[in-house]
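What follows is chain A paired twice: with chain B in the first complex and chain C in the second.
== the complex of A and B ==
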């Protein structure tokens, strides 16, 4: 168990390093491959009205003339230990984690990201709970009542759910439930959970369901297949033969074994979840990281885009780590190996 | 071991009906492809999906003649169809009529039918080419990992894990943001399409890679590979002539199932405004313009339905293909 945890933590750490390299590559190396000179890179950092001398100076200060390895080292150091920017007139401290300063507002990126995080995390975590619980329940009932009307209906809906783009279902549900029936608030409504938990949940209900629907479909299909397989096993018959209650047979013996592949998928799906959250936020105009990223791209505000990418990637890594540890709880074989 | 069937007249009476029906004729061996094709022909749902896919490809290829007959050029403004005080379409149901089959867009009055038809090729092209790229990378690395095993397998396996854990959409958005208007010898939308094919294909190969690796692992141990090796065949021969032909079925199935995922991905990028540049019509781009007009359901509905029907058709056909090649897989 202990070695398993250590292994996973090291794996997650390695993953973070790879992610930092890829992010660095995207923002510092790819533009240079595509033919941007150090001056052109620097000009993105100083705004459009700068003189060639200033641009040259900034390129020198930000180190775009240095070898890539040195630039990468500086990039990581800024994230871990903070950075100092020497503007000639004075030295500016950028405390860790330093994601640089926005081109547009000149404000440090990190506090802005912190502001946006609760929205995205509320959306992602709420939807994840909803889709796992919903998907597994539907899958189990479908498997137990194989061939019934419920089974066919839910599996048909699941196939449709996999084929629907999330922004389309989001827009349709807004048209129907918000603007048509008036049951849910219009797009853009957001209340912090610390202000009013009930309002928070009410505002997020539609986005949660929209985001969960896409994933719940896959999980329902997978749970159904897994349950059908497990319920045919010999030990299920044994459990029934020794007189266990049917509910206990299904939940403790059947579902627990069928849950392992679900958990594996769940660990992988965090990457998709963040992507889905971005699309959902854009559809419902929620003030989260996704909307922040889209705005930043429209403004060509590279430090902000980079900040979102890194934060999203880190979230995925940490979440996968948590799932890996949960894995050990559900599947004893993992613990012992 | 079972003895070969004896279908001479005297034994025929003891045979089940299915064999009896074929009595008198010589029994022919059927290849896996043939059996799969027979199963697929009986699967009505999968066939419907397949037919819709073929129709969509035809629509994408013959977009210009279709638009010339049934609609107006996709970029043409029709201010006469727009109520200038509200900027909404004049006619009922978003301006739907015999002339404008699916109505017109608000503000500029562009023909929605034409735009959907004209947007088909981008979705399909990116879906197909990105899938080909990921099949190419996934098959190569999957076969190498499965066949050679050991540290090669370990390294490639880790690589797949890393790629699977990446928040793909976030990176795609970032890449789309930094790519300049010109570069790699391309410019404008050509560059953007090439970039999207690269991003989607490059990040979605591990799903194919895993399946190919698993299949290669089991194929490697089969008798015909042993036989080939004992006759002195080199690794290259075994890989290309013995293992790869046996991988074609699973690769075909999972490639078909990857295409709709990639089409959805392209739509998402266009929806977020980091895909193909407007005014070139794309289904995702049309939806993102529709966000501001919730009072006009037709504006939301038709591009969304176009994506839905396309993706569903590919999914149904892919599911049927999988069942046809391996009925137990479901």
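== the complex of A and C ==
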């Protein structure tokens, strides 16, 4: 068990290092390979009116003339320990994790990212609760009543859920429930949970349901398939032969075994989502990481893009690590290997 | 009336290809302290019968008719909930493959405790003590430690012992063992059979052993029921079946059984052909396409289904040949062939 945990943690660390290399490569190495001179790299950091001398000086200060390895080392040091930027008239401290400064606002990237996280987290956690509970329940009932009207209806709906893009269902729900019926607030409404929890939930209700609908569909189908398989296992027959109530047979013996693959999928889905639910946040104009990423890309604000990419990737790695560890809790056979 | 009395049990499954008559008019009975062996090839309806007795087909697609009397109570017409309450407590079952029959995510102890606590209103600690006690009684060393092991941490024989402990945890009066030794290697088989015999005398339960291996039931059973294509073809005491068998199928089973008193180099005598599909059971006697004596009936075997008739003192045989003809065949052809071959 202990070696299993150590192995997984080391694996996750290795993955983070690889991610940092790839990200660094995309933003710093690839342009240089493509022929961008240190001055061309530096020109992104200076104003339009900068003289060639200034650009040259900035390139020197930012280290674009140094070997790639040194540049990468400086990049990692910035992430881990913070960085210092000498802008000529003094030294600017950029505390760790330092993702640099926005090209547009000149503000450090990390505090901006931190500001956005509660929105995305709120969206992801609320939706995750809905889709896991909803998807698994529907999947179980469908499996137990295979071929019934409920099964066909829910699987048909699930197909629609998987197929319909979120900007369609999202806009449709906005048109109907916000602008038509007026039940839910219009897009863009956001209240922090610490300010007013009821308002927080009310504002997020529609985005939660829309996002959950998309995922619940996949989970319902997966749960149904898993349940159909496990309910045919010998140990289910044993559980029945013991005289267990059917409810316990289904939940304790059937669902427990069917949940393992769902756990894996959940780790990946949730990890991706907390890195930014781009479509949902855009549709409902929520100021989360996804919207941040879109804006950063649109503005070609490289430090911001790099920051959000690194953070999102880190979330996926951490989520997979948590799932791996949970796996060992759920399935005792995993602890052996 | 016996402790368990099954009368004219029929279990049919409607499928897209037709009606599968897995069990078609089966009757048998077992008393407490007695053992019935149900023998037949794969697909003869043995397991379906046992699951039917436990009411495990209910809620499925099976069509069940006939009567199942357990301790004076009819089960086939009883509510599913009532039968559920009896399952595990009054009647329990041991399955063939103990690895797939135990839940891989729960400890062995947890699964025994669960079985015990369904039917006994006790605390977890009491149930745990009982589970440890049961594991000790089925011969698992260090039961207090092994109770927290998972099924995959047990060997095959240990798993089957744990399975038996689980089945016996509520002291059932009827125990059905479905191929209890098939998944085990030969030395462990003997241990498990010994264990089952000891436990049966200790608990004084009625025991049904289902197997395709006559060797398994030879020592354990009082009575033996030979099944073919969902029906009983021969039913009698163990002595009847081993020393005075009258059905050609039973002869075939005896011929295909390895025996210690024969030379190991000699070939076994398998039954020709394979069991029939239960959707298209052959017309007439279901065994006639494989029966070496079918032509002796003058065509009757192909058209008319033989009845299960008593030949002597509770010994039942389903065959068109006359009793004398069968006995002569056994004495003059089959028995010498089995002994010398």
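Operating definition for what follows: the second predicted complex is superposed on the first by the 327 of 337 C-alpha atoms of A that agree within 3 Å, B and C clash if a C-alpha of one lies under 4 Å from a C-alpha of the other, contacts with A are read in each partner's own complex, and residues count from 1 in each chain.
Note that in this section contacts are C-beta pairs under 8 Å (C-beta built on N, C-alpha and C of every residue); 3 or more make two chains touch, one makes a residue touch a chain.
Worth saying up front: this structure is predicted, and the values here are computed from it rather than measured.
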{"item": "Overlay on chain A: chain C relative to chain B, clash or fit", "value": "fit"}
{"item": "Contacts of A:257 with chain B and chain C, given as first, second, both or neither", "value": "second"}
{"item": "First (chain B), second (chain C), both or neither touched by A:244", "value": "second"}
{"item": "Partner chain in contact with A:225 - chain B first, chain C second, else both or neither", "value": "first"}
{"item": "For chain A as apex, the angle formed with chain B and chain C - C-alpha centres, to the nearest 10 degrees", "value": "70"}
{"item": "Partner chain(s) touched by A:5 [first = chain B, second = chain C, both, neither]", "value": "neither"}
{"item": "Which partner reaches more residues of chain A (counting touched residues only), chain B or chain C", "value": "B"}
{"item": "First (chain B), second (chain C), both or neither touched by A:57", "value": "neither"}
{"item": "Touched partner set for A:331, first chain B, second chain C, both or neither", "value": "second"}
{"item": "Distance of closest approach, chain C and chain B, by C-alpha atoms in Å", "value": "9"}
{"item": "In the complex, chain A residues that touch chain B", "value": "15, 18-19, 22-23, 26-27, 30-31, 34-36, 159-160, 162-168, 171-172, 174-175, 179, 225, 268, 270-272, 274-276, 278-279, 282-283, 293-294, 296-298, 300, 302, 305-306, 308-309, 312-313, 315-317, 320"}
{"item": "Parts of chain B lying in touch with chain A, wherever the complex brings them together", "value": "162, 164-171, 173-180, 182-184, 260, 264, 267-268, 271-274, 284, 287-288, 290-291, 294-295, 297, 300-301, 304, 307-308, 311-312, 315-316, 319, 330"}
{"item": "Interface residues, chain A side, partner chain C - complex", "value": "233-235, 237-246, 253, 256-257, 330-333, 336"}
{"item": "Sites on chain C touched by chain A in the complex", "value": "51, 54, 56, 59, 84-89, 92-93, 95, 97, 100-105, 107, 114-115, 118-119, 150, 152, 163, 166-167"}
